[in-house]
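One chain, chain A, links the two complexes that follow: it is found with chain B in the first and with chain C in the second.
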Partner chain A sequence: MTPPRNSLMQTLRENWLPAAVMLFLILFPFIVGALTDSSPMGVARGDRMVMRGESVRWQSVLIEVFILGILAMSYNLIFGFTGVISFGHALFFGLGGYILGMFLEYTGMDTGLAMVLGVVVGVAAAGIVGLIVGFVSLRLRGVYFTIFTLAVAEMCYIFFSRWQVTNAEDGFTIGSLPAWLDPTQSRLNFYYIALALFAFTYLFIRRLVNSPTGAVFKAIRENEDRAQAVGFNTLNYKLISIALAGMLAASAGMLQVILNKKVGPEVLGVSYTVDPLLMTIIGGIGTFNGPILGSAGLHLLDVFFRDATITIGETSIQIANLWGLLLGSGFILVVIIFPLGIIGTWQRWRLKARGRIAKAARPDPSMNPKTEP
Partner chain B sequence: MTEAILEARHLRKEFGGLVAVADVSIVITRGTTHSIIGPNGAGKTTLFNLLNGKYHPTRGQVILNGEDITNTPVYRRVHKGMGRSFQITNIFPNLTVLENVRLAAQALGKSNYRFLRRADSFKTYIQRAEEALDIVGLAPMAYSPANVLPHGGKRKLELAIILAGDPEILLLDEPTAGMASEQVPELIETIGAIRRKGGKTIVMVEHNMNVVMNISDRITVMHQGEVLSEGRPDQISNDKTVQSVYLGELYDLPGRQQ
Partner chain C sequence: MVRTSRNTSIVAIIAIIIALLAVGWITAGSIGNFGITVMSGLFQGMLLFLVASGLSIIFGLMDVLNFAQGAYFMIGAYVAYDVQHVGGVIDLTTTIPDPNIRFVFAVIAAIIVGAGLGVILERGLLRPLYARPVFQLVLTFGVSLVLAEIVQFIWTTTPYSWTETFGIRESFFTLFDQRFSTYRLFVIGMGVVLIVGIAALLRYTRIGIIIRAGVEDSGMVEALGINVRAIFTLVFTLGCAIAAFGGAVAAPFLGASSTIGTSFLLQGIAVVVLGGMGSYVGTAVGSVMVGLAIAVAQSAAIGTDFSALPSITPMLLLILVLLIRPSGLFGGNAR
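For the complex of A and B:
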């Protein structure tokens, strides 16, 4: 446990890395703009801005990183800190997206009002669904719970791919967004909104996990029977963990549908469960920075190699076609080399190294004969 | 000294066709140390699981302080003053020794659902945990991960976890299980310290006869899911039936000191 924090400087000194990353992300659109000689605001055409140029393109890439990062961090709250393995995380992501989209397109309300209500109702609904699914299924232990969550998420996916009201498989486009939020009118605004939510999620999860409630989450992960025998109603805590993670995932889903300006059943697809799972495992289960590293790493690799081709003599290979294969092999390698994820294994190494240093530095009394009488 | 704190009334537990506990009635008197002994498979641990709520009995009742707690879940019995240690070491392996104990103190406090303050800003829980670690002699290891403790240390940690909850009644399931014999006197001393702290009732399942005969006020002998005999240590060691079914077998066990 750390000593009590008493000053802003001390807080900054202990958290220099997240603070530096945050500063970089705030300046990022302008840095890319300066490097590539493009405006972060896009290109002016007549009286409106067109979203073109390198800076704007990279803003989109990072917005996707933020969305996946929020999703992975929320997944890590259940999986890494509470020790409950759910395969239904896409349910929350997609539900958030669908509810916000339907408020914007189907209610005929003023867009600002629809936006606010959609966010509130969507987040609340995700929390409530989390509680209900958890309450019904958390009595099942281990793999049965996992299968149950997968089944619920898939049911939801099938429902929305058949439901005529939301155009079944085709989904629907979102046309009525408030101008300040619309990524096709101001990508930069939306970039900062997504960044703010990303930073909020990071800080919130850190605060939660270090709180008394978070201490119980970790106790459940370590040994649920013991946590009960010590006097905790573990079901309640698992429900809290799932509901909060569901709410965060729903907000990520909302960012996703705003970015794409489209809602379709793919937001409920199993890839929004598997991606955060892989990202968390690769980055480091049960660490604060792991899911962020995992989501940024995987998504950026995907972006870099999506269009790349390797030409060897006569044959040229499109990396995009091999992406799944590369990802799979990379995953196996990472799991073998970093069994606790990159951040988790690195922390373990550092602890071990410190232990060794501490032992070596311990003064040996025989080597230090008294010189003074 | 005759007030009952915990009572089992005609407890029975079946697992499918197997009757683990057939019909057990026990009265535990407040402030005493009550040992439950019996050969392997006599149903001692099952009885413990019935008393602490891990299992629900097929039949019968559990009464704590005059209140029927047969249907009360494990975690709520803890809040009613019942603490339990386990035969197989049961700790939070990757948390620090202090955090293991601090959680137990926190569990009985009122800030479990405070999720916006740091856990280590609640000083009383840390103090309680440190006191408990002092009693069992683990204070120097407070900041080590619990899984690096040697086996004896983990058994002591079990005790500290229960103590931090400050229960009225402690259920200790084989506190010396798997301990090297030279560590046993130290553990007896620790349990003695807990008894002297006053008012505590201890119910203990134990195989080590030295421990049982040394610190028990009363002994219940179980055999094949039933109570065979009950009495003071001197009565039990002179009981002919007990000697034949239990002590007789025990004399053959390796590693016993006499």
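For the complex of A and C:
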């Protein structure tokens, strides 16, 4: 029984870790700047800023972590909390990127207006596409949805890599960005925007999953037939979950194309489906922090080891060449040995250590879509 | 009820095939070109069948959608290429100078490697996960990525195009004033033999009866004292070996590249869903239909701006069929 006036302190006490991480991330550009003696704003050259120095470099690394984190969290909403596997998450990511890019480059509107319209239309389109794909395939049980999403995503990838209007495989660069957002002009601003969206996604998913709607999501994951028997229209709830996840993924795709100032078919490529899948599973399915840990961990490892080489006797092997192999093998090991991922396994150990029966945290046999009631 | 739905399926199949042939006829212009379209369609259909049949039987029996099937196709292509050509990992060019006999060995090597990797995947990785089907799906997806990485590690990322010539690949026969490749006919023939062979295996042998019973209810079969797990391994290995065989016979035409598997996997999945998951007949019919559709789209797309049309055709056909019959042409009630 907590009196209302203590609720803020109570919230902080319960969530000290996310709050501390958030504080660290807000101060991060300045901490790196102070440690490496570089300006978080970049180096001024005339009236333009040049993005040089350790602080600016690390900002872009973290922006990539935020983008992958948003993508992984949105994937976790469908996969981890609603129990539906999509192999076409790149569709939403790429769609968001393409729509924003086309608004900025092809409509000839004022940059600010194009930006706002592009974001609104892109997010809405991702939601609508999610609804359509879900409506066509979700009425069927089992793997149909998985296959269908893979097929649609791959179709879009092929389409955009052949479409002459968007320069097919080469894609197009985004030249006209509002100056306050342009990552080559004011990366610090863009860093905070990405961070804000990242934090928003985290809070939004937590709020959603802890709401009555989220309870139905989890019920569908555990046993869809029972959720239906209780009287919920499970199709509608699954559609909501997919549309929301698609909208979040689209916003991540928009951040990605702004960061690279380029739109190409690679944003629709299968790697933007594989990455969130790996990150979610390695971090911990159906946990709030797992996808974040997975995306941050994997991306930072990738950045650290990208240029490293191992030398065994005569032969030296570049880690970058082995990266995919290591990632895939690690993923297989996690799937077989630690199916709950890092966070899930840790939570289970903690529960066991406290002497509670960890029965609730068992790997979910009910995620079997073919389980008969 | 069942009979009417089966009848609508057959009507739909005939209608779609006639429509495809009509479009093919219009775009081809001459009977020779039309013949080439049909032959190319059957050729691609048979290659698709070699990927899709494994997917279909494995899914029907084990409820595993093997996303690594495309990777086995790719490995088959690489192994066959490697054995056939000078300077590979296994260099047989001096031991067996005759390219025709060497090609036979190349195909056999591909089948052995595919089967071996299939056993490893089923025994080592999938078996612990039968209680967790979602993870099986995810795992085979991961395995396909790892296999692609291993292939790139051994054979680099550069795609290979088949350069070694051998008798049957080079020969042609003439019909309606058009030259047809004998090799395509050979692959079509092999495909038909396999379709009939697997159907006979399923229909008339003891193992086939066990497999069909397992598709219906594997728990019941196990209760009757039959080692279903061993049958699982056998079927999984068979599926992987067929996919590797497909890659090997496709390699002389398509070469070996790390992306070949993904495109065949996606089309193969389209075939399996379109035919009705777990239905062998559906898979065979679906393969021919999708192969024909791709060939017709290729011939229709020549000289137009729709160069992406052939690659999205399988998905368009899949969406069309799913809208008419949500559980596929020969599928049971999917709900």
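Rule of thumb we're sticking to: the second predicted complex is superposed on the first by the 339 of 373 C-alpha atoms of A that agree within 3 Å, B and C clash if a C-alpha of one lies under 4 Å from a C-alpha of the other, contacts with A are read in each partner's own complex, and residues count from 1 in each chain.
By our rule, contacts are C-beta pairs under 8 Å (C-beta built on N, C-alpha and C of every residue); 3 or more make two chains touch, one makes a residue touch a chain.
Since the model is a prediction, treat every value here as computed from it, not as a measurement.
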item: Contacts of A:I99 with chain B and chain C, given as first, second, both or neither; value: neither
item: Which of chain B and chain C A:L259 touches, first, second, both or neither; value: neither
item: Chain B versus chain C as contact partner of A:I158, first or second or both or neither; value: second
item: Touched partner set for A:R207, first chain B, second chain C, both or neither; value: first
item: Of chain B and chain C, the chain that contacts the larger number of chain A residues; value: C
item: First (chain B), second (chain C), both or neither touched by A:V230; value: first
item: Touched partner set for A:L25, first chain B, second chain C, both or neither; value: neither
item: Doubly contacted residues of chain A, that is, touched by chain B and again by chain C; value: none
item: Residues of chain A touching chain C in the complex; value: 83, 85, 87, 136-137, 139-144, 146-148, 150-152, 154-155, 158-159, 161-164, 270, 274, 277-278, 281, 321-322, 324-325, 327-329, 331-332, 335-336, 339, 363-365, 367-370
item: Touching residues on chain B, where the partner in the complex is chain A; value: 52, 54, 73-76, 78-79, 84, 86, 90-96, 98-99, 102-104, 106-108, 111-122, 161, 165
item: Chain A-facing residues of chain C, complex; value: 59, 63, 65, 125, 128-129, 131-135, 137-139, 141-143, 145-146, 148-150, 152-153, 262, 266, 269-270, 273, 277, 305, 307-308, 311-312, 315, 318-319, 322-323, 326-327, 334-335
item: Chain A - residues contacting chain B, complex; value: 1-2, 4, 207-208, 210-216, 218-219, 222-223, 225-234, 240
